[in-house]
Amino acid sequence: MSAADWRKAMNAGAGRYAWAGGAAGRRAAPRPAAPPSPRGEAVGAGGTAAWARWIARRVRARHLLVLLAVLVYPWVATPFFTFQIGAQALALGLIALSLTFLAGYGGMVSLAQMTVAGIAGYMYAIFATSGTDISLRWPWGLAVVLALVIATICATLIGWFSVRTEGIYTIMITLAIGVAFYYLAQQNYSLFNGFQGFQSVMTPAVAGVELRAPIPFYYLALFWSLAGYFFVSYLLRAPFGVALQGIRDNPRRMSALGFNVTAHRVAAYAVAGVLAAIGGILMVWYNGLVSPGSVGTGWLINILIIAVLGGMRHPIGAFVGAIVFVLLQNFAVDLVGRERFNLLIGGVFLVIVLFSPDGMLGWWTQARQYLRTQLNRGPAAAPTQRRRQ
Amino acid sequence: MSRFWVWFWVVVIGVPAAAFVVWGLADNPKLFLTTGMNGLTLAALYFLVASGFTLVFGLMRNVNLAHGSLYLLGAYVGYVVGDRTGSWLMAVAAGFASAALFGLVLQVAVFRFMHGEDLRQTLVTIGLSIMMADILLWIFGGEIYQFDPPRAIFGRTLLPIVEVYPTYRLVLLAMSAAIGVLLWWFLNRTRVGMMIRAGVDDRAMLSAAGVNVQFVFAITFAIGAGLAGFAGVVGGTALSIAPGEDTRYQLASLVVVIVGGMGSVVGAAIGAILIGVAEQFGLAYAPTYSVVFTFVIMALVLAFRPQGILGRRA
Amino acid sequence: MTSLTRRLLWTGVGAVALAAVVAGGAIAQAPAVKIGLLATLEGPFAAGGQDGMRGAELAVKERGGVVAGRKIEIIKASSDAKPDVAVNATRKLVEQDKVDIMVGPLSGSEGIAVKDYSKTQPGITFINGSSGAQATTLQDPSPNFFRFNTEGAQWMVGLGEYAYKTKNYKKMALIAEDYAFPYSQVQGFMTEYCKVGGHVTHKAWVPLGSKDYSSVIAKLPRDVDALLVVLGGADAVNFLTQYEQAGGNKPMVGGSITVDQTVLNFKGKRRESLLGTPSAGPMADSYDGADWKKFVASYKESFKDGFPSPSLFAYVYYINMKATLDGLDAVKGDLSGGQAKYREALKNLKLKTPTGEIVLDENRQAIGTTFVTEVAKAADGGFYNKVVKVVPGVNQRLGMSKAEFEKVGLGSRDVPSCP
């Protein structure tokens, strides 16, 4: 760290050293967690009322509206829209959420999140039933648990490799690790079945309900997405999350305060790994197959695109980005021709990075602020004018 | 590292390596030496590509993930020029020039305005690489293109033990060594090179010393990109150009720089030799696991010396 | 009511009335039959996918865009040779665009994934594009997935015997890429070659996409008579160049996609040694059958921007689309009753193709003709593939009985083996 940086770090607040750096960084810094109000603590004795009051304070009309909309969605949309658009967006959004958590709040941009998801998918395919002989055909519940555990362990290992150098280096290392896994999956036949991968992976049926049918699968993906979203929101207010954001902004100061910076970062990778692993199992159930193509460079970068597209300031950005991405992917053929989809998505990504580093959430916030100033300017202008007279 | 650890690693890695060399030479000397030479020539190609990448990364902290696309751009432009003029040397020059020009334009028009925002610059290069790959696919299609170098360098040479070896690969080795020396001379014996090295060590201080930092950045990006384009034509002559080569060389540069150390050209050379030789020996002696060797080397370096063999801790 | 509301109301009424008239008019005619067409238009197979679409369009054009009194509506989609992308594209065509029949995909692993998807849509008929994996119809076949083209293993029948008996290659070494399509090609060749007494002493499986054959070449044994090269055309040129530079001089036997235009235009020093290279496949550019010549002429005339001669992809998509339309003709466009009658017609279809007749076996896989070719010099000095043997009635079990074939299993890295 140079002398100028050091001085800046000692004198600046949390927002100054956000992940984007420089001017954009100040704009991009997510709002720090709101401190608990003294009034709330004073009436802490009334236990049940506290969480109700918390909900009443935090939940707005738009939150309820969105929740209602996603719950009712499969009943108004066609099975195609429920399954291919809705459920896929939720599963991809969950994987992108893990990246948003790591990058937006931890300052570490990891391109290996899809790798972790792919590892979970491959492990599930190996342990459960599929059309390939390598599969062990164990009960699906056991396979899911094993897949999650192995994927989380791998995520922790990836984190351990990546955290010991500074932030920008993380992209290179995680990309290299991701690609190494891709080549391993492609060339190894005894475990990963090489280029073919695992086809006809069985999706389980629970209590007679076939989980791969559009509506049950949608609700399954919705449940886990909501769980992931609320978990991340909670974690960001908990001491762990706050410490992580502190480490993002000023690791040296946090270390001086006594926090184990490396351990915190590796733990963040592990948490992100769990989220990505759940998303990975949802994706292998959605596709019914897993192959090296699912973990290739294309998909590694697509997850980054989704996260940046939506905006890394808030966990909802991952899902917003996923919906836009899936819609573009499916309907670009009607606009531009499916062959040029990569050009389209690359162009959109470039536009977002150049002009709105906070993604679509940034545009949304700017739009809201603009509207607010417009609405406020009307009545506020009148008294000023009268005074001038 | 303390002396104990140095000796420890020399024994743990050196002894199995020496045993392998002895076995290989005894078992099939022709195969062993041919594979060794293949490894060195592949390392030469990797060095050409990775040296530009490490310069840009070391000085400007910009992980240029469009470096592979610059390789492919240089290769295609070189092919078109070579096809029209019939001269392979013109193709090489065109490859270098086009990639260097493109890199210069990028730095001056786009990255200059994002000074200090390292991550944002990197994301821009990702977007650019996606778009460039698709545009090149659109223009040139999915076919594989071959270059047409002069007969003199495209035949075979007779060597002891390996008997016959492609002349072109020896030429590639020689070219790479020459470029390496040239690069070393440029960085260590010229003013601009001195400024670049100073910038790699401490960017802010370079600016404080009154140097026009943007000018140095522009030169560095142009050289780095030009090297990639040059490698595109030279490598494409050996191994043909096709879509997907950009990703391959991008990843090779990544691994070489991780192993060799960021910002260090000598480190890129060492990393390239390690990775190139490991890859070729893996392909020859254990084909399905060759990627594992590369990965193991990378993992070992990351575990014990995260900044790379010759890199410096930031 | 305000004037604006009144205006909106009348516009609404007018729109509804107009729609009713149009719909009424449309229902009066027979509805168009919607056919989904999927090929790989992205990535390295893009050129092949484009040609495949041309072949399918040619089949539609031959019928003037109408079949059994119904207009043919083609809805195109593209994939990039990844199975999950292919299934997404197919699902969109079937569930969102509501096609009646689905034609595609292009590559082997996509075919297996689409076959799995077809089992979830029993009311739609799926016909193959050009995917050539054995497992699609041999392992867990789907009752509504039809493949009217022969696959990779069938394409090599006849070549093994030709290489051993006519060319006198008693021992060979194999160079092929490490995935399912070359496995099937090698099985098709070696089943016959090993039976007549040949030996494949060395198998070099090259990782997918690698262009550096130097280590493979260094390990090739010296005492073989020829090399069996199952690489794509452009990779084969790379291989030949590197082989020549490393001092190799053995003749070659090519797979179905190996000896193509790029190889025939090879400008290396050893160009003359290419003469006499045998190969095999479902078609041959120089076949002098009347129907074939008509097909080639028709392709050249309809597609000025196409290849000089229809490629494998164009031909295979053509026969699959032709089968689709011939089947519709046989049931007079009646797709009712879950398309049961249509499927029955397809099962019993005797398809007339430019290279002979094709019928389906019990797994809805084609039984067709294979051509063995050899590279020869034309009058103008250029090289071309001359037909030397025609093998009719090749089935997917390569002439073995069901029990015999199941004992051997599908082609893989070690199956078959005769060192």
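For reference, chains read A, B and C in written order, and residue numbers begin at 1 within each chain.
One rule holds in what follows: a residue touches a chain if its C-beta (ideal position, glycine included) is under 8 Å from a C-beta of that chain, and two chains touch if they have at least 3 such contacts.
Remember, it's a predicted structure, so these values are computed and weren't measured experimentally.
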item	value
Those chains which touch chain B and also touch chain A	C
Identity of the chain that, by mean CA position, is farthest from chain A	C
Centroid distance [mean C-alpha coordinates] between chain B and chain A, Å	33
Centroid distance [mean C-alpha coordinates] between chain C and chain B, Å	39
In chain B, residues with contacts to at least two other chains	287-288, 290
Chain C: positions in contact with at least two other chains	42, 46, 178, 207
Junction residues of chain A - those touching two or more other chains	187, 189, 339, 342
Chain A - residues contacting chain B, complex	2-5, 19-22, 24-25, 109, 161-162, 164-169, 171-173, 175-177, 179-180, 183-184, 187-189, 297, 301, 304, 308, 339-340, 342-343, 345-347, 349-350, 353-354, 357
Parts of chain C lying in touch with chain A, wherever the complex brings them together	41-42, 46, 76-78, 81-85, 87-89, 91-92, 95-96, 109, 112-113, 116-117, 139-140, 178-180, 207-208, 413
Interface residues, chain B side, partner chain A - complex	61, 63, 65, 110, 114-120, 122-124, 126-131, 133-135, 138, 202-205, 247, 251, 254-255, 257-258, 262, 287-292, 294-295, 298-299, 302-303, 306-307, 313-314
In the complex with chain B, residue positions of chain C that touch it	42-47, 178, 205-207, 209-212, 214-216, 218-219, 234-235, 237-238, 241-242, 244-247, 262, 267, 269
Residues of chain B defined as touching chain C within the complex	30-31, 34-35, 38, 42, 137, 141-144, 146, 148, 154-156, 163-169, 239-240, 242-244, 248, 280, 283-284, 287-288, 290
